[in-house]
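Next come two complexes built around chain A: one with chain B, the other with chain C.
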Partner chain A sequence: MDFQFLIELTINGALTGLMYSLVALGIVLIYKSSGVPNLAQGAMVMIAAYLVWIFAGLLGTPILVALFMALVGMFLFGMLTERFLLRKMVGQPIIMVVMLTLGLESLLRGIGPGLLGAAPKSLDLGLDMMPIIIGDVFINREYLVGGLIGAAMVGLSLLFFRTRLGTKLRAVSDNHISSWSVGISVERAVAISWGLAGISAVAAGAMWGSVQGVDWTLTALLFPAVAVVILGGLDSIYGVLIAGLIVGILGSVIPGYVDPLVGGGTRDVVTSLIILLTIMFRPHGIFGREDIERV
Partner chain B sequence: MFYRLSGIHHTRYESARALWPVTADRRIVQGLLLLAVAAPFLLSDLYLTSYMLPWLIWTAAALSLTLLMGVAGQLHFGFAAVMAIGAYTSIHLTRAGVPFELALLGAGLMAALIGCLFGAAALRVKGLYLVMATLAMQYLVEWTIINVPAISGGAQATLSTPDVTFLFIPLQSDGALYYTALLWTVVVTLLIMNIKRSSFGRALVAVRDKDFAASVIGVNPLKYKLLAFFASSFLGGVTGAVLAFCYYQAVTPEQFGFNVSIQLVAMVLVGGLGSVIGAYLGAGFVLLLPIVLTNLLAFVAQFDLIPISFNLLSHIPLMVYGALIIGVILFEPLGLAKIYDNIRKYFLVWPFRHTQS
Partner chain C sequence: MLTSSNTAVPLRDTAQPLLELSNVEVVYDRVFLAIKGVSLKIEQGQMIALLGSNGAGKSTTLKSISGLLAPERGLVTRGNLWFKGQDMLPLTPPKRVAAGLVHVLEGRRIFEHLTPEDNLLAAFPLRGSRQRYQELREQVFTYFPRLKERARTKSGYLSGGEQQMLAIGRALMTEPDLIMLDEPSLGLSPLLVQEIFEIIRKINEEQGMSVLLVEQNATAALAVVDYAYLLENGHVVMSGEAAVLRENPDVQEFYLGGAGKVDYLNVKHYRRRKRWLA
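Then we have the complex of A and B:
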């Protein structure tokens, strides 16, 4: 019985963790190409979920069409954000960039629920609600689909970085000036990485929106996503997958046993501790590249 | 006009290094201080307690944070947690019968001790990683306060502040509360201004600009980073206690949440990093602009010209505040203090165009 409880927590935690990876992927894509920590990714996930809801719930288009429209919309949104906000921040201290993305976060958090109503909206992706039962273990079907999509998105981005465009992005992430010197448009590469982050936000928004409803609480996904990104390394795509699994499993197993003892809320504590311990002992994460600073 | 520099000759280093070397500046400061002291007689109770009082206390908080972020360059996204430690410590101390003056001191020390733990992360990492580490500590402190009944008085509980006297004056009337807050803000202001021109302040600036370079010229970065965290957390803790006793009068953990931390950083940034006048302007802007705009829109909504739903109205502060941060960072990265400085320099030589200082 006890062992089975552990298995159930582990499996559902791993799937949740893969869904965190979906959110974290956007942060890594942007950080890798431009060195900008995008703390507005949670809000972008929320906006993407609202977009899917507008097309599917309000206008009544089929879910696949709605998802496609949201993909296009968020790709443009990401590129526009880069063009009009982040491009002006090149060369500014990191605090300015961090606060700009946090400002964007609270702007979006006001606009989305402000214009569309604060009550949670349900997003139906046409998934079966029945849990899958293997042996005696219950697995949430939505989490399973979300986890698979998370793993698939990470795999796709790994493949993408082997294409011609992806190679350009890797060059840009290595060094902006040498990329310019071989004729790569750094601005366009960074804009595209923002667009890709928008696309991964749609995947995250659709899955999380279907799991917990579409409202401002989706922006709170930023916190576990930040833990995933820090643990995996800010510029590592493999890291997102592995760290997503670790954060998800620890964030499910530990609260499963400790929550009844202390009265709840340990998941945030586990996430905070993961961030803190990683920063104390291995600041660049498991797979991240270590910065070398010159005086 | 106001700022004529003619006739001002500094013949001694002391006078050139004075806090306000230009006479006109000194006059303006004196005038503002007089206005602040006279405020309870000039303003209605509503304006005094719901605008002036929070503005002063948040200014003190922004000043404490600007010492750390602006002067010493250590990013801190968990300052609300530091203030919460101060607030809760002071309440528990006064409840245990400790005089309020000592409780304030205790609040500062407790916040400074735990704040140094935040600083321990700064010894190893900086920049973005420091942001994340302090953010994680904000969550940890918040969770500890909520989940330890001995601190918060149980989940979902509010702790009301006991009746206390400060310097033999009972803190009951609006006036007494206001003057306590004013006194504390003036003390913090003078302290920060003087730190900025002392050797301690210059060492902090050296660490901010490049910690390796600072250690080359003989400034120990570890020591000064920790000292910066200690000093700033001490001030923040006392400010938290003043906030609890003079403004909230009943504290809950939500009043010191993550959003409050972001708001404090926004105050410092909108005002201008490391600037004293910027802390005043930034706190006023971040605190009051959303209120003013909401009131304005509520006023417009009365006429039914454009439909503004209650839901939209309740989200206006969030939007304004986000747009404000974005706008300031994009168009004036040095903050409102720089705008004030430009205006001041323009009038220094008015009606001529060019300035020399």
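Then we have the complex of A and C:
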């Protein structure tokens, strides 16, 4: 067997996986502070990518400025989503909240292409496209940058949750009533977490938009991202990193060998199996917190 | 020195009390009347108890003060609530904490997945200085040395007593003028209850912090407080100096387990007397 081929699949899979982590991070940020699984994160990534494209591609703003404007825009978008949609759902069964995020997902998926045309837009971040060649192994440079950004964002999030504000957000995810009782504004905390998810959507949208073009198919990133958060644990930032790597590597190596035999489509099967097997055998994921039982 | 609750007409004269409830009524789910016109007041630096049996409305009274009724679909439908002369009813719970009152909930409810240290940090105001945070944390560790030893374990794994200490310590991080404790003795050994009550008393004396202690355990509570109110069925049926209440036969009989078993006749006698007192 060709060992080089395996290494190449593994490295590029790992980088793709870190880029999944970037999408998954938004889901965990929200879940960690409010307990809401946000199924609209894929669409938020798409909207963020459109924003970057509008600023950089359409209006011709320098890319760093465009990214910054998109960050501000998506932070506000996240906060407003919480303020006008989620806050109305306080006290409703969680299944209704999940349905709401699903509704938001379809709405956004329709709006972006509806307003800007369905044809994919190409997003140029000004990155060098030449693959990096180490020995005989080809590494995709965009994926390398995306993967590094993914890892950096995870690191930043880990640091953030150790600050005073981050600690308050963790407290809110632990217990809303107790948080209120010691003066933490639960609504504000949840709004901030949506804003942060908006920011992470910009990082994901820019990288994925650069890799595969900006159109509605970006929303399909929700699927591997869900696999990542389920495997890693819905509330574990650390899990996002490790599970991203696992989902990415398995989703690259297995199809690399099996696709030529069966004619393609293995990656989705692998992703689905990861979701199903995790839920069956380790419902809290690898790092997810379990409920504390004291006897 | 026994005063009936209804004669205590809201007075806003000379020195105003720190906290004053007048005629507060709370309804749950729009239909269930849980407290039916409760009036009480706490002076600056005073430590008082609110006693009563299961379902009397003690927790409801505290929630009306801290504003934590809303998540349980409860509403103050009548009455007034002043804290430092300010109307508290329109304020959200975090605003009331900022105003200086804090509620330690029944059944502890610490942040289980956070370490004790992070529990304390979470309760400290966002804008407070780092130095103040460290001072307060040290103070909490001085009152509850056991928390310091376990500062880095997940709080959910602390013992019941340690969790109660953490819940109190966490509340102290908000630098309250009034701390309200809902049944801190729940599920703890008598020795530990005594220890915790003594610490609370110490905090009250050293810091001049006012305390409102809700208890079913009247014996332990009356041993540490200055003044107490007795709540029955959503009404204040009796109030007075702790020393006086301890000697009161009705209180002894029904709250201190003094005069043997309770029979029907005694209940009747008590009811009659209660009505007269109220």
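In this text, the second predicted complex is superposed on the first by the 289 of 295 C-alpha atoms of A that agree within 3 Å, B and C clash if a C-alpha of one lies under 4 Å from a C-alpha of the other, contacts with A are read in each partner's own complex, and residues count from 1 in each chain.
We adopt the following convention: a contact is a pair of C-beta atoms (placed from the backbone, for glycine too) under 8 Å apart; a residue touches a chain by one contact, two chains touch by 3 or more.
Just so we're clear, the structure is a prediction, and the values are computed from it rather than from any experiment.
Undergrad: Using the overlay on chain A, decide if chain B and chain C clash or can fit next to each other.
TA: fit
Undergrad: In this superposition, which partner touches a larger number of chain A residues, chain B or chain C?
TA: B
Undergrad: Could you look at A:98 and tell me whether it touches chain B, chain C, both or neither (first, second, both, neither)?
TA: first
Undergrad: Quick check on the superposed pair: does A:115 touch chain B, chain C, both, or neither? Answer first, second, both or neither.
TA: first
Undergrad: Pick one for A:179: touches chain B only (first), chain C only (second), both, or neither.
TA: Only chain C is touched by A:179; chain B is not.
Undergrad: Contacts for A:261 in the overlay, against chain B (first) and chain C (second): which applies, first, second, both or neither?
TA: Neither: A:261 stays clear of chain B and chain C.
Undergrad: Does chain B (first) or chain C (second) touch A:167, or do both, or does neither?
TA: second
Undergrad: Identify the partner contact of A:289: answer first if only chain B is touched, second if only chain C is, both if each is, neither if none is.
TA: So A:289 only meets chain C here.
Undergrad: Nearest CA pair across chain B and chain C in the overlay: distance in Å?
TA: 17
Undergrad: Where on chain A do chain B and chain C both make contact?
TA: No residue sits in both footprints.
Undergrad: Give the list of chain A residues in touch with chain B in this complex.
TA: So the residues of chain A in touch with chain B come to 37, 85, 88-89, 92, 94-96, 98-100, 102-111, 113-115, 117-118, 223, 226, 230, 234, 262-265, 268-269, 271-273, 275-276, 279-280, 283, 293, 295.
Undergrad: Considering only the defined contacts, which chain C positions touch chain A in the complex?
TA: Contacts found on chain C: 66, 68, 71, 92-94, 97-98, 102-105, 109-114, 118-119, 121-126, 154, 156-157, 170-171, 173-174.
Undergrad: Which residues, counting only chain B, touch chain A once they are in their complex?
TA: Spelled out, the residues of chain B in touch with chain A are 69, 75, 121, 124-125, 127-129, 131-133, 135-137, 139-140, 143, 146-147, 155, 210, 212-213, 216, 262, 265-266, 269, 273, 311-312, 314-326, 329-330, 333.
Undergrad: Touching residues of chain A toward chain C in the complex: what are they?
TA: 91, 164-165, 167-168, 170-171, 174-185, 289, 292, 294
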